[in-house]
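Shared chain: subunit A. Partners: subunit B in the first complex, subunit C in the second.
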Partner chain A sequence: MSLAEPAALPVAASAAPRLRLLKRFLGRFKASLPAYLLLLPSLVFLALFTYGAMGRVFVDALYQRATPKAPIRFVGLDNISAVLADPAFTGAVINNLIYAVGTAIPSIGLALLFALALARTHAVNSVLRAALFLPVLIPMVAASALFLFIFLPNVGLLDYYIGRLLPVLPNWLGDPDIALSAIMVITIWKNAGYYMLFFLAGLQAVPEDVMEAAHLDGAGPFMRFRHIILPELKPTFLFVIVIATLNAVTQVDHVFVMTKGGPSNSTNLVLFYIYQQAVEHYDIGKASAATLLTLAALMGLTALSFRTMANREGGP
Partner chain B sequence: MLFSRRLMLGLAMAGSLAGALTFPAMAEGPTEIDLFFPVPVDGKLARDMGTLIKEFNEGHPNIKATAVYTGSYDDTLIKTRAAIKAGKPPSAVIMSANFLLDMQIENELTNLDPLIAADGTTKEQFLGQFFPALQGNAVINRSVYGVPFHNSTPLLYINADKAKEAGLDPSKPPQTWAELTDWAKKLTKREGDKVTQWGIAIPCAYDYCGWMMETLTMSNGGRYYNEEFGGEVYYDTPSMLGALSWWNDLVYKHKVHAPGATPGPAVSTSFISGNAAMMMLSTGSLTYVRDNAKFAYKVAFIPRNVRNAVPIGGASLIVPAGLEADKQKAAWTLIKWMTSPEKSGWWSRATGYFAPNMAAYKTPDMVDFLNKNPDAKTAVEQLDVAKPWFATYKTVPVRKNLEDEVMLVLNGKKQPKEALAAAQKAADETLKPYNAETSLKLP
Partner chain C sequence: MKLLDRLFKDAPLATRNEITPKLGFVLTVLLAIVWLIPFLWMGVATLRPASDGINLMAELMPSLKPTLDNVRDAWEIGDFPRYTLNTMIICTGILLVQFVTITLAGFAFARLDFAGKTLIFYLFLMQLMLVPVLLIVPNLSLVAQLGLYDTLTGVMMPFFASAFGTFLMRQAFEAIPTELEDAALIDGASLLQRIRHIYVPLSMPSFSAFAIISVTSHWNDFLWPLMVINSPDKRPLTVGLSVFTATAEGTQAWGTIAAGTLMVIAPLLITFLIFQKRFISSFVTSGIK
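Then we have the complex of A and B:
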């Protein structure tokens, strides 16, 4: 195909390359058929349980049933505006933001600290690594049940030790000012060991010769950390931040076990709010609308993170 | 070709084989029914239920019942609803007694009147077996929708050793709020500003908090909701204001009750460990206290301000809507068997709940048991003054509307009056769609 005469191309002539394209596509498809077949089972489940469910949520969000006797009717965006006007939802969003920032920063910070301290392979380090990773293996529900007793007012482990020092014992999970922080402590405790793994892997990717060269050039530990390790860990950081953000929205087991969103909605998170709407209020329309809003926010956030990541990697 | 003819043929054959395997079994074997059961207290119940159902199956060769454990009361409601929605309802469910109205409004229950009539009994005869206080949560619009199975009332638990230590006589427990306040003051120990022993503990976590508010409101002469109609609650009334104000006073004026919202297990642990000298808790915790208290304890009626009255708690057996006739009939056989004097008495002794069937208390086994464990009598005696349990349209959210505000009061963030006004407003909002369809819909 020459650039000189594009307008003059007759219809029949353009069909030939198209056919060739199709053939090439089919050829390629044939070659990658096994791959597609291997993916098929996951694809079926993904379609059924993820995309199918998403489609269903999209439809359900447009309908409302006021009472059992009233018929289900189309309400358009009414559910969305009802969710946005619900102080419990806005409260849950604010709680979730506090929760996300308040758990991501300390757990990532701790994870990095652990990883730096335990980067060298050493018998003691392996034991310490395992110890720090242990909370990850405990199911969230079990961990929450455990902390339920640690936080027990007056007789719990925490009050047993700290209670001697404080003039007034806080009701850790029963006070709306403290309950969210108490729940955040569990998340940090549980996630720090998990993120540590990523940082350990990231640290292993830091080229040994560069470090050695820097060492020979007289760069101290801080200089090496600031100018070599930190830039090398950037992709790990971004990845962990995305995971931590998603975790902040998807983990609600502890809320379920420990507080049920209380006292007075102070530990209500977005996912738990959705559960409440769907199951307690039996309001599928509003639950779907809240799900859609959350989904949109998460997708936007993830896209943004990946874009930032891609830009950083492609940059200078 | 991947989807070869042979593969398709194979799939088709497998399908027809599966069909051939299942259909005859449905036609010939015993009627298979599922019973959903919750375990709201401790784990031993699941084993006891297995024993009970095994005995039933042995005595009824035409029916094969399977007991399916479904978690807490709230979880059981969720799972039952999910099963109904999926078109595969369980044949019978042990359902928290106060969810029946909500389910009836949602058209999720089978009206039991025809089944009772088919047995040749009248509704009055059938209901007459059970303590009158339990009937309110089982009968809706004069039709029977549930059969009481195991029930509870709130009780006042007293650490008798500590009471004696403080110069109080545990054989004469406090009967009024004034006496209770006095006891609580004498039973609170301080070291400077620090409290080392609380006079009284009352649980406030979702579910329990609403039940305790109902308890206090009732003993303050009030009612909590419209027992005849699911669209009205009375949060903003003098009787409830008085109840919440007293609770608030216990915390912030007399300082004999720890501040904050405390869940049930924390309250019982506090009592068992001697950290709280008295507690208000369900009779369902009696077995736990009996097994774990290392001190003499005493169980008493909930003290009154205006009158002696308590709400009932516990669960009823229901038959979900949408079942085939044979399953319905089999479920009815199971329900009648489970609520018979012998079986409900056995279950009561095994679990600590009281038996709703009055005749159960005349069986020799039960007379024997009560002689050995006189503390199990209190809840039954208190039944004379018991009233139905809070039930409205959307029971759980409407209850939460109140609980959120009560928690703010117990944390010192709101005064009782403004909290109750806010709770009333929120509940009215939750009940609005139902009222628009019923009480506000004019002919």
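Then we have the complex of A and C:
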């Protein structure tokens, strides 16, 4: 008894701070509980469809099944190398790069032009803004249905009004050399009005007194644009470029409705390739590998743009 | 929000003073007309009688004998009332659940202090970067495992939580003065009562902005419902229209395609024309995330 007592003391001494820590932790947890309960509904769905999905893509990319009913088999990085060796995938990546650059530059350029021309609040301008914004609201599938007729050989809208002036009537969607550009036209038509909104918002931040001073100093519209407006719009540019890049990878409904990736894979884009692998070929392994590669590329790009934006201090 | 107010204010005086040379304005007017041509064709082709023949199909001048035959045909071939109903169920279902999830989470981020706040905030931020459209393959297998393949619930579920909506509501709630809540607290109002009676009613503009963005984007969704839905009677408008277009394209019934397209896009376009300012400001907000 007398021996046991001093032995018990050090135990109690070392347990006390741990107990206090536990108590503090429990207290903090208890105080945080209402917040956790409020966040729970969102976190459940995010866990299932965002973080869980990320994890599943990662795991699924490591497995393969020969047929839909065959047992799954661990194949390591085979799916990744199979996708990278698939000319259809590399072709889709190249198409997507061309598509991204070829739609982003014209639609951003047009958006800037529209915004500069329509910056002034005026009844006519708001009608024009609405006209340019309308395509943003309609489903890509509906836009595709309209453009199917516009690009229809011989009798379509384009050939009826302009094609007749050309020496040879091209088959807009049937010619592998032209089809991707035709698809790009729809995207530009659909997105320019959307990006215009951000430039309109950005233009409102141009300081009036500086513009006025430049005007008094005899700076013409071009000089004022180059030296005052353009620097002010830098964050808007960066932001719109990120959105345009994301759009280029995520908008494929027109490919689905108009060309199914053809003729001879000339309009195949990465997301459509993923869809084909998963739904048409039941190859979840390959589809997941392609998804993983695309996600990695996109996240790298987003991180890069965030860093650039942070460095420039104060993005949109 | 200050940005929005500025958007609708007149441009600064100096900026107003010829922001683009006149040539730029003329070019914009011409392009705005070009931008409307597909819509114009849709309207004209919808009313064009089949007797005009395929060679006049591209004519933008309306026919002298307008007819509603195309509308009737489109109505009979595609089950548009059913598609519209499905789309409305999907959009409403998503929106109602989102309202609950984003209100609760938005409040937690705006007003409560809790352990791991930054970490959880970043977890939400991840959803903005991960681009849900790209996760269709794992999400389809999950939906199938949950027994929700070929159900409208399966179409809706991945969108029940919205990081963008959460951030929007967080911003709105932060702007509400705490004095209002303190008064309710003294009256003995519980947490949920305070959210319900103080925060929600004072944040209606943010809710309506979010509603516009959410409904517009899910009204137009295509690839995801296409993958989840198998039964023809569960198709939303976009999937219905794509099947309808593929069928009618084979028979060269372009007037019918135009009529079908018109039916699909009319509801949203009419709503836009009525609430123009609201729409545009919501779209700007969505970009400011």
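Keep this in mind: the second predicted complex is superposed on the first by the 266 of 316 C-alpha atoms of A that agree within 3 Å, B and C clash if a C-alpha of one lies under 4 Å from a C-alpha of the other, contacts with A are read in each partner's own complex, and residues count from 1 in each chain.
To be clear about the criterion, a residue touches a chain if its C-beta (ideal position, glycine included) is under 8 Å from a C-beta of that chain, and two chains touch if they have at least 3 such contacts.
What you see is a predicted model, and the numbers here were worked out from it, not measured in a lab.
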{"item": "Which of subunit B and subunit C A:263 touches, first, second, both or neither", "value": "first"}
{"item": "Contacts of A:282 with subunit B and subunit C, given as first, second, both or neither", "value": "first"}
{"item": "If touched residues of subunit A are counted for subunit B and for subunit C, the larger one", "value": "C"}
{"item": "Subunit B versus subunit C as contact partner of A:153, first or second or both or neither", "value": "first"}
{"item": "First, second, both or neither for A:63, with subunit B first and subunit C second", "value": "neither"}
{"item": "Residues on subunit A lying within both footprints (that of subunit B and that of subunit C)", "value": "148, 152, 155, 279"}
{"item": "Sites on subunit A touched by subunit B in the complex", "value": "37, 66-70, 148, 152-155, 167-171, 173-177, 260, 262-265, 276, 279-282"}
{"item": "Complex contact set, residues of subunit C against subunit A", "value": "3-4, 6-21, 24-25, 27-29, 31-33, 35-39, 41-42, 45, 54-55, 57-60, 100-102, 104-105, 107-108, 112-117, 120, 123-124, 126-127, 129-142, 157-158, 160-163, 166, 191, 216, 219-220, 222-223, 226-227, 237-239, 241-242, 245-246, 249, 254, 257-258, 260-261, 264-265, 268-269, 272-273, 276, 279-280, 283-284, 287-288"}
{"item": "Footprint of subunit C on subunit A - complex, ascending", "value": "28-29, 31-32, 34-36, 38-39, 41-46, 48-54, 56-57, 60, 110, 113-114, 116-121, 126, 128-150, 152, 155-157, 159-161, 189, 193-194, 197-198, 200-201, 203-209, 211-212, 214-215, 221-222, 229, 239, 243, 246, 249-250, 252-253, 256-257, 271, 274-275, 278-279, 284, 287-288, 291, 294-295, 298-299, 302, 316"}
{"item": "Subunit B - residues contacting subunit A, complex", "value": "2, 74, 78, 81, 105-107, 193-194, 198, 204-206, 258-263, 265-266, 269-270, 273, 275-276, 393-394, 396-397, 400, 403-405, 407-408, 410-411, 413, 430, 433-434, 436-437"}
